[in-house]
Every structure is written in C-alpha cells, then in structure tokens.
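Report on the following structure.
Residue numbering begins at 1 within each chain, and the chains themselves are lettered A, B, C and D in the order written.
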C-alpha cells in the first residue's frame, strides 16, 4: 500500500499540493448503485472550506468538486470514482521569504531531509489543504453508511486551547463556525480567537467524533482492529498528536470494576470501551477523541536554521489558520466514515453468512 | 492486507489461540545477513513472560521460541522467518463456568457477534497471549535496527493506576518486575498491586516508549505517516485505548510559540513533536505514550448477559493479570520496532539516492 | 504485501525450506463456520505427495498436516488458520557436491545474487516442496467454494513432454499417478518416463485446470482482474513459464467472429474467453492452462560456473522429479481455488446488495 | 489493494471511462529528483494514440497529458504524481443501438452482472482506452529505470492474425504503424488489415516485450515473483489471453538438457528462462510474450441476448480497432516498466546492504 492511499476495500488515493493546479482523489471499492451527485460532496467540502469566518485562513477557495468517473446517471457504477478540486487562490510568492528557512514544528524540514527537495509553496504536499480530498472521499463513505446501515457520523470541537466546551446539543454544532456543540460558548471562543490572532500566535484543540448505529461485528482481530485503523486514520490528519477511543487515557486511573461496561438484556450500561472491544464493534456508539497541535506557521519570531544549517529566525506571514482544529471536525468525521465503510465491506466479505446471534424480546442486543 | 498481518515490507503475520496448541508467526521481508539465534528472540520473550512475579498471571509458560525457517547457519537468508511458541499450561476447563456468559469489557462478546462462534478458552484469539508473537517479531526488528542504524528502542511503565512514576533512569527499568524507571517507586507499586489483587479488581496503566537514533526522513506523507502507523500498531495491542506522540493531548493547551520545536545549528531545543513532523521522522527521539485499560477478567461480580440474552452475573476466576499494563512494556517496544523497521525499508526503497542534506560543523543536524 | 503472502481477503502466507525442520502456512480471512478437519487437508496433500510412484522423486515424506489454530470443535472460527507440515526425510548432505556450483536453470544462482546467501540444501526456499503449503491452503479454499457456491475445481495433465494426452474423462484423472485424463494413455506415459529417467534427463508438461460453477461477477476491472490474479498465481508455481485463459495463444489466429462467444437464452455457445470477460467471470467454466518447464536438476553433465565465477561442470544426483509437471495438477487446482475464494469474498464485499439480473424462463442465464 | 491500483511500492491508481470527461491516474512511490516534463509522458502517449493510421480506431483524441502534482521545477518531489488526460471525442450516441444488447466476447455482459449497472458508452470502464493511464505511468517508470539502472524496455508486434513477423531490427519497430520489427513485412500487414477491415471482422495478435539491462536479483520468492507480477500485469491488459516468459509454452516439449541455460564465465549461453529463475531476475534480458484476442466489437452480425434475456442479434458499428494488438506494444512496455520499477524498489528496500557477488575478470557475471 502506498503512502498516499488508505483503506483495504474502500480505498482512497490522494494527490495534490497547496499551490499546484489542483487536488484530486480516487475512491475505489464503493458499492455500485449509490445515488451520488456533486452536491452530496460539495456540502461537506463547504463545511471544511477556508474563509468561512474571520477565525480561519482567509485564502479564497470555492473548493468546487468535479467528479470525473465512477458515476453514471447519478449513481455509482462500482468502478473507481475520480474527482478534482482545483486550487484557485495560490500565492506562491508568499513563501519566497521563507524558502530557505524551516518553520519550527513544520514538515518542511522533514520533507527536505526525506526527499532532498524543497517545495516551499504553502507546505507543498504537507499542507492541511490536502484534507479536501479526505472530506470528499468521506462524503461518499458517510452517505453509503447512512443509507445502507443507518450509521450517523458527527463530530464537534470539544476544547479550544485551554477552553473546554461542554456538550449541549448536536444542533448547536453547525450553527457556529467552530463546530462547538454549545451556543453559549461561542462568544468566549470568538473572544479567545480574536485575541490569539491579534497576538500572532496559534493554539491547539480537541475534536470528538461519534458514529451512531454501527452494528456489532465490524473490525478484525489482532492488527486489523477497527480501533487500530481509526487510530491510524486520525493520526494521519495534519497536526494530530493523540487519539483516544472511549475512555482513552482516563482508563489508566479506572478500576476494572468501573471500566468494564456491564450488560443487561436492555443493552450496555456504559461505554468506556468507546464502541470497540477486542478491535470489533460492540453495537454501541463508536467514540473517538483527537488532540490537534497549534499551527506551526505563526507571526511571532522563532529561532531556526536555514538550508545551509546556519542559525536564523523566522516569522510566517501568509494566510494561515491560527487553530487548525477549528476546521478539523468535518475532516475527522470523514476519516471515521472511510474507516467504517472499509470495515463494513471487510466484515460482510468474510462473515456474510454468519447468522445474527441471540435476539431478546424481539430485538437485537446492542 | 489481512487482519492478522501488519507491515508493508517488514511484514508480520500471526496465528494462535490462548488454549490451542501453539502461537506462531511469520516475519517476511527481513534483510538477509542478520545474525539471528534463538536466544536473541528468547531474551525478549522472557521479559514478557507470564509468571515472572506475583503481580502478573501465574500461568506457567516457558514461551520457548522455535525458529522454523528463514535462518541458515545463524544468519537470516532474506526469506520468510517462521517461528512457533508452544502453549504448555492450557487449562480450558477454567472457562467452563463462563462459557455461556460475556465478561464486561471483554472481546468475547464482539467475537461471538462477528463470527457466530464462541471459543471461550481464555479469550481464544482475543487473548493478550497473542502478544508473544509481536514480541518475537519485534526482537528481530529491534536487532536489525540497532545493528544497521544504531536505533535503540526502550520503554517503561509511566503510570500504574493512579500512581505516576517519575522517570529516574533507564537502568532501573529492567531491575524490577514492573519496568518502572524508578527504583524508589517499586515499593509503592508492590503495595498497590498487592492490595489490588486482594480486592479482586484490576487497574489501568500508561507505558512510554522511546526510539533513539532514528535518522530523519523515515515515514511517508498523508496516510503512510510514521506516526499514523505507530498509532495503529499501538492501538492494536490488547487493552490500549489511547496513543500519543510527543506532547500528545497536552498540545491542546499549548500555544504555537511554545509547541513548535525551535532549531539551532546544534539541534532542536525541545521535542514536543515527538520526533515526527508531517508524518516523517525529524532525527530526534521518537516518543510514544499509550493508555492501557484495566483487565476485564476480574473476580468481582458484574452484571452481564448470557448467549441467550438473559440477564446474569459473572465473576472470572482463572489466572489473569490484574494489570495488563505491567507486561506491556516489551510489547510496545516490539510494535515500535516493527513499524520503524518497516519504514526504514520503505524509506530506502524510494529515497536511496537522495543525497544527505546540509552538514554543519562536520555533523548532520538532528 | 510481502513476497511470501498472496490474496487480498483470503490471504495465504507461507514459510519453510526443503531441508529445514518444517513448512508452514497461515490462511487468514477464511469465513467462520466451515467444517474443517485434518483429513480435509490431508487428502489433498496426499495427492501431491512425493514418492507416490516411480515417476516422481523418491523422497519419503508423510506430509502430515498439523492445524495449530483457527479451528475450534471442527469448525473454522474466522481467525487465522496456522498449520505445519514437518520435513521428515531431509538429506542436506546430498547437496555438498554442488554447494559451490550453480545448476543451469535453477534458482540457486538468482537467490545468491539477491540475498548474498547460499543455502544449497535442496534449493532452500526455492524448492518446489514449498507447494505443500499452497495445497494445504487450497484445500480450505476448495472446500469452502464447493460448500458455499457449488464450485468444483479440477485439473489434469494435458501434455507430458511431446505427448499430447486427449481428454477422456474426469474419472480417469485420479486413477493414475500422472493425473492423466485418459486411461489408455497411461502406458505410453509410463514408457516415456521410464526412458527419460534412464537417460538422466527431464521434461516439461502442460497442466489444465477448470473451475465449474463460478457465478458471473467475480473479478474486478483493470488491475484486479480475475484472470490477472489467476495468471500471477499460476506463474508463481515453480517451473511455470506460461499461462493461458480460455483460447489463450490460439486467440492470435482467430477472427473476432470466431472467438467472441455468442449467447442465446440457453447460454453461451462456446467458451473461448475461458469464463472471464473484462476480468470478471461470465458464469461459464473458468479454464486455465499452464506450461511447466523441465526440471533443472538432472544427472547429465552441464557447463556452469562456481561461486568464484570459474568455469566448471555440474551433474545433480540427489532425489528429483524428472518432470515436476506430473505432481503439478493438485498445486494448480489449489492456486485456482485460493484466487477464486479471494474474489468470492471481494465480490460480495462490494456487490452484496446488487440484485441478480434478468432471469429467463425461470433460471439465471449462464 | 483495490482493483484499480497495482504495484506495492511503485503504485499506479487509475480512473476514468471511455465516454466520461477524462481519464486520470496517480503514480505513488516514484523516487524524488527524476527529471520529468509533460513531453516525457506525451511521447509515449503519442505512440499509443488512436487515429494514427487507417488500421486503428478513427476516434480523434489528442491524448494530452496534464500533470497535476508531484513535480516541482521539472523534477519529481517524491509525492504522488497525479495526472489527467481529457476525453475529447466522445460519441455516446454511437452506443444507443446496443445499449440493451451484449456484444459477444465483450465485458459489458460481466460488468452488468457484477455491478447491476449498464454503462454502454464505449465499454465504460472496460474500454481499452483505459490503457492511456498505464502508458502515462509506464513512461515515468521507463524513464527512471533507464536513467537509474540503464534498463531499456522495448516491444514489437510478433504476430498479426495468422502472419508471423520475423524480427529484423529494433529500428524498424517505430518506423511503421504496426510496431512491426521488419520493414519488409509492412506491405503484407497493410494488405491483411485492409482486407480485414473491409470484411467487418477483427483479428488477434502477439506482442513481445524485452527488458535489457535488468540487474540480477530483482524479484521475490514464492508469490512475489517477478514473473508472477509480470504475468498479472500483462493479463490485466484488455484482450490478453496468454502470457509467456522466456521459452513459455515451448518449454513443454524441451528436455532439461536443452532448456536449462548453461553458464560460462562469459555469461549465459541461452535464455530459455527469459531472464527469470525462481522468480528472480538473472541479469539476462527479461523476455515476455502475450496473446491478444480479436476485438469483440465487429460489424458482422452475431447471436446474443438483451438485458431481458431475449435472443437477438448485434452488429457493432462505432469506431473500433479491428486489431487491438496493433496498439498494444507501448501498453505492454508500460506494464513491464511499472513491474520492474516496483521490484527495483522492493529489492533495494530489503537487500540494499547485500555485497555484490563474484566478479570475474573485472566484470560482473551476467
């Protein structure tokens, strides 16, 4: 499997750079017969789009999806779905000043070491703009999961810098530019961001994602675990430094008698496992939490070296998100959707003939 | 890629169940010419072995490695290395009492849903005893990484339940049955475990792993990131519920001016990135931290259901680790070693001809 | 995917050398619930076994299968099926004489170049004895395909050296040590082989394999074609130098009006396509033909070089099949079975919800 | 690995349909630093282009390559190379007449069974026009192999229908629209094709491909064999029904004393093995031969069924190659190039540290 592809059966391949002509992707393995129109993808891209508020990068991109294959008369054909999103607002000149210096915390240093090539234009392949491909692919996965299995995938901003945002309602999430699940919190978040932007600095964030309606049985033992694939998918998002499933790091301090989710004929009594046991879904909500680091491109001066190894300093102007976490919610949802679609296919490949187990009082236990 | 294999070029395949005749594995893609003897693997298996102290399961297993192929006259040949570890102390009868009931927090419920099969013998394939295969494979990866690149991989127990263990020295780690990096802490840990065992309950733990000497450039962009593969590898270990690279979840509360690791000609001034930027190694220490949940098999009574969906309770006697985290250190080291060996191979495949970049004052910057 | 594994969902991993302690394999992805006992595999191994007639190698191996995992109470559990076949009649000393010389047409030269290691013991990993693993894995695939889909896979020897063997009946195939589908031909084959053995030389062969009952729709477009995967599987068998599907090379001289298989409501009128169109099964018999080269280990003196590059000659004594094609029929069947099982799973993963197309006069057209 | 991707490290992903807006592909894993300009790819696309003579389809396509990513300032960056070829001369209406009927020998029947979707526009995804992606990807592989290892890959038309074309010189190949390696043969080929076209029928062909300069050691044992991957790559080309390596099917009638290529300090004395022994390259020319079936879309009336399963007849007008083999030479070269590039990378990943073996009289033996 190459580094720019992921998924075993629902397989996504991505290409493109921040200041090249376009981003594009290929979704292979999508079941045939799914209704799919540009707007199904566009509406998810619009959620991730830059320039949607003063709190994110002011780069102007319409992020218009162009489906090039795999759809005929409004339905997927089962063959590879190729798509493009053209870049419209490249400003490679913005990067002239930093072409020979490395931004602390940025991938330009490691890419240069790895490939011996320096593409300073907006981070090149390392730019978070690549996530446009993930969101497009995730839109397809999400739609199929919802229509075929009733799975609903939603996320929200749980922490912004040092502010914890209490979960109030799913309705709040799309009613503000932060994906905050709490209308009352928005004013505080805005004030925080305004001050941050003013200061020239950046901050981290926590995003939570939840999949409801996942049937029990998705995932595989040992290395093909559902949670392992989720962890990889989340950690592959730009700026992510930590991933939790269910209780996550809080499980360290729990006793077994507290952590182990008790069961009754009516269902589980808690969800410390986050919907996954032994790498296989339990039928509960799959709950994932991720930590995003602060953006590395900031206006404050920092010590660094140049390509000749000389000491220097750097300040990044250009257009950047002061908190990449703000736009990360649709990205995390997309990644979870892709992993779940992949495991849905993998599961029914191997276990299509397994009879559903015990039903109690006319319904499945989960 | 099947669920019981992992790695693209340094590829590990695993099989076996807790109460079947044997565990075994295949390491494919190991470079030829590596000196490899049974004892190279055995010494790592002995670190993970059950029964090594009163704080872990009392199952008596010698965990003797038998190499079946891929080694000729004491050196790897480049072909598949097959190996076996026979089970010696199976007690399938221990499980008769719980054969029809599900342990809260245990994979037996999800396996049964997925496969329609109930193998109650010690968790079957879901048993943490499977990690014997990982440790064997990891021993090979570790040895090659150390001899070929000077990479040293070490881990330690950082938290046991609610006790945080301050890092004192690497020397302490192998001097106690907890892999605690602090001799003074051992007494407290022993007291804590004795009380826990007495109570019939279990607890969680945090394990940290560090790889020193990783050259810059290992990893791939987008989905094939080094940190994404590490996250998957760690999350695939039994009981792991969270993974962090570098600052991890602490990055949420950091400012960019604090998190981004400044560089000087003498090297980086901090390591919040955990040795990985943009999915590619920086040349610093790769630092990983994982959360392990408390063991689900405990002696305390818990509410659950049986295979017919009826309400019941369960108490697990058998022989179990009251804290799987105690034996997790060598396992986490092994997984990190396998991922790094895989990426070492992947990197030199694509980038073997890349000239090493700037050298400052006679040495490489990293 | 590593070189010692194949298959995407029905995945086989192999290890072992001709004169090491054992061969073994892992079948991952087999559906759960399949009845599987040692004898199901053993009977296929017995068909491939050496020493079954004077026309094949006289090495004495019982080729006894030992299933180590993945089967519980006589049924597959859905987890990895590990198995071993111990070597019993190694004679590494037989190879002392040729340890430093290369057999013309043998892989020992290329392995030495690739790995820098010379394991002269019976060809090491390059030995055709490795096919014991394929046959074991294929036995599982075959059984599942037959029970789940009614697919029947059979092969036969179609040419032995310059002798073409007319197909008479499937019943004949297992009634002679050549897998010849023609009882009358056996005498001629025996005389030919006796003379060949006497002469110290070896010969090639053609094996045909047929899968009946494959439903239409298995396979994938472009690179994942059913016929592409069959070609790889067959070409991966030791000594195979050519593969044909359907009309194969005869299609060169056909006109389109002759080659294209016409259809009627009663079915296809011919099968030049060999059961595959556009990489996807048609519902007809899948027909495959392979060319096996003559054994490279012969008693006649041949010009060669030694490990120092000096000119020398070589004669191989040891125990060798004068025609590896004679024992190749069960191997080719096994490989076809593994590929079909893999594609059966891949197909139902993606297309489980596709409604079966037109039924004419109460039955499916194919 | 999904069906529209191939290669482990040099990985090609393809999308597009014959009458959709565009074809496109992604080459992932290409080493960085390779000089790559549009014209490097364009010149190969021009060799495959339709409309280049009266003997091939008259569809008018410029087949203009547009590189979208992975190249910066004229050199590959090591990241995914995305590219597009727009369709310019679609005529979906040509297919109205056959929208509900199946062409004998065509994939439209199997796609419909598999996916439950009928995209009649020029064969949709099954169209041989997809090979434009392979040729583009192959151009990159070819260039890298030539510059890095001196590998030269060339092919030619060896048989056209019943005409065998004697090999005269490589220079002849590009001097005629058939890729015939013999100037004298061209007149006969033209006459044959004119008559064939007149008759409304189609014919098959044989294409040979040769890679010179492949070093010994590329390939892997067992399933990852170089020849197995070549076989899959060739069989994945539209219309291919057979593949041979070296002596191919002629090996059946050879004796071991004739087939096994003898070696002297000056090199091999013959090349029956086709440059591959035990799945690993010998250092000789890699020689491959493929059989292409006659085009299924012909003007002659043929019996078939429609989507309701009713008997009917079909005649295909539209624009089709009367012999797809004529344009297959650059495609076969491209596939061989991709496989070799993949194995070059795989080999140096695992065996970069293997010391080159014996040198005789100042040079390597091969």
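Note that in this section contacts are C-beta pairs under 8 Å (C-beta built on N, C-alpha and C of every residue); 3 or more make two chains touch, one makes a residue touch a chain.
Source: prediction; values computed, not measured.
When every chain is reduced to the mean of its CA atoms, the largest separation from chain B belongs to D. A count of contacting C-beta pairs for A-C and for B-C identifies B-C as the more extensively joined pair. Per-chain CA centroids place chain C at a distance of 26 Å from chain D.
The mean-CA centres of chain B and chain C are about 38 angstrom from one another, to the nearest whole unit.
Each chain gets a centre from the mean of its Cα atoms; for chain A and chain C, those two points are 44 Å apart.
The set of chain D residues touching two or more other chains comprises 1-5, 8-9, 14, 29, 32-33, 78-80, 114-116, 125, 221-222, 346, 351, 354. Interface residues of chain A facing chain C in the complex, by the touch rule stated above, are 8-9, 29-33, 78-80, 148, 221-222, 345-346, 348-354.
Put simply, chain C touches chain D in their complex at residues 1-6, 8, 12, 14, 102-116, 125-126, 130, 159, 161-162, 201-206, 216-225, 227-236, 238, 241-265, 269, 272-274, 276-283, 291-296, 298, 300, 302-305, 307-311, 325, 346-347, 351, 354-355, 357-360, 365-366. Those residues of chain D that touch chain A in the complex are listed here as 1-5, 7-9, 11, 13-17, 20-24, 26, 28-29, 32-33, 66, 68-70, 72, 75, 77-82, 84, 114-117, 119, 121, 124-125.
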